[in-house]
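Chains here go by letter, A, B, C and D, matching the order in which they are written, and residues are numbered from 1 within each.
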Amino acid sequence: MYQELKRECYEANMQLPKLDLVVYTFGNVSAVDRANGVFAIKPSGVPYEELKVDDIVIVDFDSKVVEGKMRPSSDTKTHAFLYKHWETIGGICHTHSTYAVAWAQAIKDIPNFGTTHADHLTADIPCAPPTADQLIEGDYEHNTGQQILDCFAEKKLSPQEVEMILVGSHGPFAWGKDASKAVYNSKVLEEVAKMAYLTLQINPNAARLKDALVKKHYERKHGKDAYYGQGC
Amino acid sequence: MYQELKRECYEANMQLPKLDLVVYTFGNVSAVDRANGVFAIKPSGVPYEELKVDDIVIVDFDSKVVEGKMRPSSDTKTHAFLYKHWETIGGICHTHSTYAVAWAQAIKDIPNFGTTHADHLTADIPCAPPTADQLIEGDYEHNTGQQILDCFAEKKLSPQEVEMILVGSHGPFAWGKDASKAVYNSKVLEEVAKMAYLTLQINPNAARLKDALVKKHYERKHGKDAYYGQGC
Amino acid sequence: MYQELKRECYEANMQLPKLDLVVYTFGNVSAVDRANGVFAIKPSGVPYEELKVDDIVIVDFDSKVVEGKMRPSSDTKTHAFLYKHWETIGGICHTHSTYAVAWAQAIKDIPNFGTTHADHLTADIPCAPPTADQLIEGDYEHNTGQQILDCFAEKKLSPQEVEMILVGSHGPFAWGKDASKAVYNSKVLEEVAKMAYLTLQINPNAARLKDALVKKHYERKHGKDAYYGQGC
Amino acid sequence: MYQELKRECYEANMQLPKLDLVVYTFGNVSAVDRANGVFAIKPSGVPYEELKVDDIVIVDFDSKVVEGKMRPSSDTKTHAFLYKHWETIGGICHTHSTYAVAWAQAIKDIPNFGTTHADHLTADIPCAPPTADQLIEGDYEHNTGQQILDCFAEKKLSPQEVEMILVGSHGPFAWGKDASKAVYNSKVLEEVAKMAYLTLQINPNAARLKDALVKKHYERKHGKDAYYGQGC
């Protein structure tokens, strides 16, 4: 029944090793089917080179398995939480990509230093503080979702505009209209994280991109008069 | 009619992912046909793995589409401006390659630290200041071309000798006698940007290459008595 | 007689170049057969691209060759020492992977900065001090094993929980239930070493991961109620 | 007549792009035939992907072409000088590999920080000062050879033990018993240069490897009682 959804999820997951975003099993992608209230997600701990379409697990928004023989990703509850609260997103990708993790471990937002960043979002890439101890000891993966939501609320960010976040001491989550776009955003985040790191090494006093350029680059790709791409 | 021009442009574009100069669609190459007053350029937002020769767009020096069904690169007006004002150049390449972007975001010229640099140009690689706000809000991509020209005028540089620039807060542009040479210069710039970054990490007081070596290395490749290469 | 053991050892060794953990012959993996009191190890100085299953050497725990025509790895006595004293380990891997060597040369433990680290061990990755001069001039490779044991004793670490170490001024050793797991741990160590390096570059005051997260991430993969993976 | 020599030279050159030691034409390898007083060297400016065995040029120790239709490498006189003065070496390799060039541009010796370095040489990797101006304006490539010899004389180094050098502001030269060993040494130099760079980033006060370890690691590979490798 969910064959197409599983295939979308499988193909997005298989992009991760090709894009150098994961080693071994350090990542997972999911794809949602909102009409049926379920999403497809990578099974836990299965190496990408062994992953098959039929290994993909279908779960509902309470993380209960609906179809599939394998145990879903240990991060399933974080995905479920985000799908439940952010109704516009269609795919989520979590990795431990190197430069994004380094910023997360440094517990620092990634400053918007240039047009590569502004082509994708106007804000700094937020780094949520590490989850409070009692929430870690409670329903940890569910609470990681809450942590992401709280960070967006506090910084007044919208998940439609900012499609990525760092969870402090942990690593990046990204999302988008579908699973493939979530993977795309994960790659953009890793690349922007590397550029920002190098920028500060070359010039520790590097300034944030000025407002006129932030606006211009974001608008030409995402504004109502966008002229980037083929308009489809 | 422009089949050969399209192929030159296509093949130069396809070099970018092979040389690790782009991820996704973060770059574009063009090739000029001066006899006909047109140039060929990558269509906007098309991934390299899907790009076909027939997708290449032919535009004139006012950026009007002459042939092709797709929308040309969003940076087309910058290319057109440079072709119009610099009559000796035959190809232009723009990327968001990692180390070149880091220097652009740091808003710093890349110092000429060694013979790898001096084999290609004697000057530091210039970083143009970010475009003024009113020019960003105006005809932005056209004005980016103006920004490049102004920087060359101010620094008294010639586009025949210096075939590359960083646009501050944005990234690199390179050019050359044809599209293939423009891509070559983009790769050289990225490599020299990485070497200069590492040099300063090892020795923050590293000195510019001394004049005798700058001259020797540039002249043996580009001077009237050049003896590098096969002389053809 | 030891064909299966040789194959396990061979295949684990051949993972090293694929995982970018070695250049040339800078590494070696062994696999133990405790029932017969022997282990299989890479022959010394043989390039990976020429290595064949039958080149693998079988030695006993006193490093005497039991089967095989080639000279075993020059590090054989270190492997033998560790197998003799740590009865739970089934495979050992030694490399000169770049970032792990850099920390070893800096003679610094790798701090536990994030969940990627805590998914694998709770402690900092220990760096044993360089071996004392009289032990270097004595039975050096045997004494390197002793150095590793002494470091674990001093830091009160268990080889079941901490499956990796840096030997100061030298490089990493890792182990596990079999040779394949030892290689896995070597790759994890290299990746964690790179992340920790970058973390300190971005934030020289980066703090160790807090206890609640250390415990949560380690336990969800390795605790008695672990829920990562497929439980097999 | 020199078919075998050309093939040795060709194959050694073709290793450079595979080992990530060159981009485009930024490198050259030669192989000597001492019985005939000639050496084979890469033609100048020919891309590796187009290079053929028959393109290799045979020159004598005065850099005169003996066989071949193409112009030899612009660095030919440096090779000739070293073959003439160092009678034990059989191959020379020059590259612009990234980390070695960074140290050369920083005009710093690479300190012997660990056993990876000491497995190959006991000394720091020397960085010759940039050539004096009047020697650059004279017979530059010949004088670069002189510069290398002078540096070895001043530091009391032997080309049998130390098979690599950095030429300040320029880049690395390496040599060995044959062309293949010269390429091997170039790769080792690049890897050791990267490790030393990272070591100093992690610990700016990192100390040189202590004498007992320098001696032990060098001797076990190169001493009269060497026990590394298969003894052939």
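In this text, contacts are C-beta pairs under 8 Å (C-beta built on N, C-alpha and C of every residue); 3 or more make two chains touch, one makes a residue touch a chain.
All values derive from a computational prediction rather than experimental measurement.
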(message) What are the mutual neighbours of chain B and chain D in this structure?
(response) none
(message) If more than half of the interface residue numbers appear on both sides, call it same; otherwise different. Which is it for chain A and chain B?
(response) different
(request) Specify the chain most distant from chain B by Cα centroid. (result) C
(request) Report, in whole Å, the distance between the mean C-alpha point of chain B and the mean C-alpha point of chain C. (result) 46
(message) Nearest whole angstrom, what separates the Cα centre of chain C from the Cα centre of chain D?
(response) 33
(request) Two or more other chains in contact with one residue: find those residues in chain B. (result) 201
(request) Please categorise the chain-chain contact pattern as a line, ring, star, complete graph or other. (result) ring
(request) Identify every two-chain combination in which the chains touch. (result) A-B, A-C, B-D, C-D
(request) Please name which positions on chain C make contact with chain A in the complex. (result) 19, 113-116, 184, 187-188, 191, 194-196, 198-199, 201-203, 206-207, 209-210, 212-213, 216, 220, 227-231
(message) Touching residues of chain C toward chain D in the complex: what are they?
(response) 23-24, 26, 43-46, 70-71, 74, 96, 98-99, 101-108, 130-131, 133, 136-137, 140, 169-171, 197, 200-201
